[in-house]
Amino acid sequence: MHSPGSSVSGYVLLLLVQIVFIIVFGFFTDYSKDLLPKNATVSAAMEEAHEEQPLPKYPHFQDIHVMIFIGFGFLMTFLKRYGFSASGLNLLVAALAIQWAIIMRGCYEMEDGKIPLSLDNLIGADIAAAAVLISMGALLGRTTPMQLLVMAIIEIAIFAANEFLQIELMRIADVGGSITVHAFGAYFGLAVSFMLRPNKENAKTGPMECSSYSSDITAMIGTIFLWIFWPSFNSALVDGAEQERAIINTYLSLAGATVTTFVFSALVAHEKKFDMVHVQNSTLAGGVAVGSICNLLIHPFGAIMVGVIAGVISVLGYRFLTPAMLSSLRISDTCGVNNLHGMPALLSAVFSAIYASLATTETYGNTLTTIFPAMKQNSTLSEEDMHEMVIGGYGRSAAKQGAFQLFAILLTVVIAIVGGLFTGLVLKSPTMRQLEKDEHHKDDAYWETPAESNTTASTNAS
Amino acid sequence: MHSPGSSVSGYVLLLLVQIVFIIVFGFFTDYSKDLLPKNATVSAAMEEAHEEQPLPKYPHFQDIHVMIFIGFGFLMTFLKRYGFSASGLNLLVAALAIQWAIIMRGCYEMEDGKIPLSLDNLIGADIAAAAVLISMGALLGRTTPMQLLVMAIIEIAIFAANEFLQIELMRIADVGGSITVHAFGAYFGLAVSFMLRPNKENAKTGPMECSSYSSDITAMIGTIFLWIFWPSFNSALVDGAEQERAIINTYLSLAGATVTTFVFSALVAHEKKFDMVHVQNSTLAGGVAVGSICNLLIHPFGAIMVGVIAGVISVLGYRFLTPAMLSSLRISDTCGVNNLHGMPALLSAVFSAIYASLATTETYGNTLTTIFPAMKQNSTLSEEDMHEMVIGGYGRSAAKQGAFQLFAILLTVVIAIVGGLFTGLVLKSPTMRQLEKDEHHKDDAYWETPAESNTTASTNAS
Amino acid sequence: MHSPGSSVSGYVLLLLVQIVFIIVFGFFTDYSKDLLPKNATVSAAMEEAHEEQPLPKYPHFQDIHVMIFIGFGFLMTFLKRYGFSASGLNLLVAALAIQWAIIMRGCYEMEDGKIPLSLDNLIGADIAAAAVLISMGALLGRTTPMQLLVMAIIEIAIFAANEFLQIELMRIADVGGSITVHAFGAYFGLAVSFMLRPNKENAKTGPMECSSYSSDITAMIGTIFLWIFWPSFNSALVDGAEQERAIINTYLSLAGATVTTFVFSALVAHEKKFDMVHVQNSTLAGGVAVGSICNLLIHPFGAIMVGVIAGVISVLGYRFLTPAMLSSLRISDTCGVNNLHGMPALLSAVFSAIYASLATTETYGNTLTTIFPAMKQNSTLSEEDMHEMVIGGYGRSAAKQGAFQLFAILLTVVIAIVGGLFTGLVLKSPTMRQLEKDEHHKDDAYWETPAESNTTASTNAS
């Protein structure tokens, strides 16, 4: 039993963080100007026009919201005795992360000293939380709740900086967040996992690190909701034709990944049976792998092909790479985030470089510079463009944009790993309680759990 | 064993009610005029315009629909042996309640002797059903299905009258329904619970009134869907900037409530562990507490603060107040609706009075009288306004509007309690079967339940 | 134990099918013209207009997507030891079916040798997958995964042809797909089931063909999501007033069906208890029964009445007809698709014939020929109309349209049965592995399943 005292101080600290958030929100945020009542001089007609306009992104937002809270939360319930933590800590970590992400991401878009809040900030905050939850997947069952929360605080800060660097400064194309969210979250989490690695005799799968029949089924709730709404995740930040292409491509990529997941799951398994781990995870790899390119002209066959490849890589990763990483590098990866998020995201980045380097005005028309803003020619820059800082400047060639895409994934992975190593150092510090080995993958250390007498049978008989 | 005869008559009665509903719908409802084909003389262009227009509220409606049927239904599956009733009776009660709510609410908006139906009526009916399901939560496991249905019939009638009184006649601000739905449903249910209170020796938690490991996880399905879609619930009845503010404020309030729920859950528990009851319920208190004020200019920090306070009150209520109410007043509250709906709604009402009394044209511009219609000055009333009955008349000052907000919650609670006491009297009448004590919190009295031999193990071995 | 070799060849074949799909998509599909970048000469204003326009059908699509993957998938988890297959094979079969449906349905709408893809194709593909999943319901637990996939391939091809025949050539009204999806899927599946019928001594319910307490609850996840989103399914293909009527009618019909399902479930059961099979399925019959008429002027009371009748028929079907079909014709129907989809769809078709035969310009105004396009008078045909092939030509009377509706359901059922018998013949062919009787309704033959020692109890004790 750990001393309760240390916990109390942890919870008090968490409460203080929440109070600090309120203060920061008070001083540095407000509704965006559109959401504040207009001065009475504004014509009533204009006001009326705004009132009538529905929120076109709201259904997309709610789809993503389901992914973050139900999707990630229930996917992680696959461990037989970690379902309270999976669904509950997912909620806690995300609830903290979204508040903090609004602040951290908002730093880069302040107006008059305030972060202007609108639905867009909520979408951005949910997406940022996804990165943290991916990292949590790598560590699942091997940290205290407090360690996860500390990780969330550090990770969101680095995430927001890297997102700003890649999207605003380097102007890379990554509408589905494969680079900035999936690769970042996966390698950040794996780096933390490396820092928390067990000593040699413990570098094996723990006795509780397995599923039960019913936990495998609740995990499928998470999987399927993620599968269903992934097109919304990938298309939320674009509009019009780009958005519809993103939806179609993601839909097809997921379908392709699903078929190959089942095929390879059976082929690599002994007895040629399907493995629930693959079905729960690798079917989703198609959504990640198409993320950075889903708005491009990859055409339907390209979308399916990307998904098919992602499904194969992901299953092979679960079967061969994850055990090897554990035995050779002692990096545990409870949910296999390297296979679901990491490698498919690398794939997506490579494809994005290829497609970018082949993009021409002939194929993309005048949408070329909407998709790749840094490819605007210097002669066509607007006043607004000129005031924006773009690393390397405008006027990129297609080949150069491709090189930037590759550089972006490289830089993101490096930042994620360095950030994760630093975070791991913090999490191991003597001031933070570590889990004992026999507390791993079990709710009981941090949750009141119901006594499991064989009540069902007995009450049935009564 | 109860006599099957009495049940048959109950079911036949229910069938008759359904047939009466058909007749009432036949005589007193029709599609709203917009949904009926136009006379051929209407210009084709106008028709075209209508055809093209999507249904902007439909995604909001579906989010609420998920809350009512999945959210409430699965949240109530937390009892280890009451899941069939929780998910099934939730469906039955709501299916009856929505039909009846369309009729009862429609009484106040008839045109030419007919209730004109559109999507708005379905949204209103779903919200009315929420009040009944909240009351059901207070009673969960201690009534027969027939008692719940009788309660639904009486409660919807009183709900509709009170809603009309508060919103249309008293013109109070309550867009998220904290006053008219949450406070009403909670205190109605608690009053019924008081009438059905056990004798002194039975005023303790029953042996089946607890969760199992898996029932706690299915309950989280309900919790998280409610958490996700609460911004839709609170913002469904407003538009434009008000709607977007309602979304942002509810999102932030829920996030704040979630963090403090975990903090206080651990602090008040022995061994400093998280309690699933708190996580399943108090995390949602932020949605209730912000309900009546979510469209106001409470600003992001205000939204989080309201949620933080609600989370604390709710956890403390579960820990201290619910047991005290049971032991001293013998009021059972199975789901703790006083802590999730009742007290946070009171909080919301108090805040709404404060914010209303501070509202000025300086801050709200010309949206002031959209939000608080009774604050229209008599000189600016339109022809239409003059024909509407408003208690106390137009031209309210901000302070007076604040007083009305307080009066509204007081009146609602009184109406709910009186209505609940009356309903309880009906439910205990000798013509209605009561549950035996040993039938409490168990599906078996009313459901065919599968035999629980240890088949899984044996088939595994085969 | 079956020989693994045969399986490997099956999986390799599946992989080949997926690769063939990629090739076919490469040669015969592309994004629709709207989704391709415009030639630079197109005015920027026009482009801008398209960019701004949100996707009004996207929320409807996502609701249907939830129905297909969560709804069908979890409804089928009711068997106590078939949940991996229910949720997993539902995903696999649907992922294959949607790709193939895009191709097969696209054959009838090619432009310049390409199928133009937009969101509409995804909606159509999801709806086509529903037919296959309904057939799967009839066979649940009695086929290998490979047999299901072969069935999906054949069924989608026939489905697409029949859909084109009924909707485009015969111009029948069936916006909710009761005829083309529900009746087709149900009778196709039952015909396959007849071909795979057991010998006489095995024509009884298998030992594993039952639910457990927890599987009945996970099945309710499927039921309730289907119930919630059915209005979206029925209204996805229409717009404006027709769409809103479809939503209202489906909502009311489901509510009516739910109440009568509970009433009749108790009345026909011994001990007058509710039966989860009825609650999980017959509550949904209202959605099917209103499918073909939900956009018509059936008025609210008509909608409820249709639901009420469907609920009764469906419960009686489960109680009496399904056991009789098994004992007399040896047709197994694991999920009772005849009661949920088959008979309610026949009812819907009959109602559609009645309503069509009574439709006049007086009641429908100029929407009459939008709803029943073949009732356009020859004198009013546009240039475009004249180029379209309509069986029997334009200028149908109301009575004739009614006759066409009846003919449509007859033809659909015949095509489904013949198609199903043929498919069953293929599935029984010696080249395909059949399940042994003792492998029925169990995941273990095709899934790695966790060992079920009494770990929970023991770890609790530790």
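As written, the chain order gives the labels A, B and C, with residue 1 at the start of each chain.
What we mean here is this: contacts are C-beta pairs under 8 Å (C-beta built on N, C-alpha and C of every residue); 3 or more make two chains touch, one makes a residue touch a chain.
According to UniProt, the chain labels map to these proteins: A, B, C = Ammonium transporter 1.
Just so you know, these numbers come straight off a predicted model, no measurement behind them.
Chemist: At the interface of chain B (Ammonium transporter 1) with chain C (Ammonium transporter 1), does the proportion of residue numbers present on both copies reach over half, so same, or stay under half, so different?
Modeler: Here the answer is different, because the shared fraction of interface numbers falls below one half.
Chemist: Could you work out the angle of the rotation that brings the CA atoms of chain A (Ammonium transporter 1) onto the matching CA atoms of chain B (Ammonium transporter 1), rounded to the nearest 5 degrees?
Modeler: Between chain A (Ammonium transporter 1) and chain B (Ammonium transporter 1) the superposing rotation measures out at 120 degrees.
Chemist: Would you mind pulling out the distance in Å between where the CA atoms of chain B (Ammonium transporter 1) average out and where those of chain C (Ammonium transporter 1) do?
Modeler: Comparing mean C-alpha positions, chain C (Ammonium transporter 1) is 33 Å from chain B (Ammonium transporter 1).
Chemist: For chain A (Ammonium transporter 1), write out the residues touching at least two other chains, lowest number first.
Modeler: 59, 81, 213-214, 218, 221, 449, 452, 456
Chemist: Across the complex, what residues on chain A (Ammonium transporter 1) touch chain B (Ammonium transporter 1)?
Modeler: Of all residues in chain A (Ammonium transporter 1), those touching chain B (Ammonium transporter 1) are 4, 7-8, 11-12, 14-15, 18-19, 21-23, 25-26, 29-31, 34-40, 44, 47, 50-55, 58-59, 62, 65-66, 69-70, 73-74, 77, 81, 83-84, 87-88, 91-92, 95-96, 98-99, 117-119, 121-122, 145, 213-214, 218, 221, 445-450, 452, 455-457, 459-460, 462.
Chemist: Across the complex, what residues on chain B (Ammonium transporter 1) touch chain A (Ammonium transporter 1)?
Modeler: 56, 59-60, 63, 80-81, 208, 210-214, 216-218, 220-221, 224-225, 227-229, 232, 239-241, 243-245, 247-248, 251-252, 254-256, 258-260, 262-263, 266-267, 269, 271-276, 279, 283, 297, 299-301, 304-305, 308, 361, 363-368, 438, 442, 444, 449, 451-452, 454, 456
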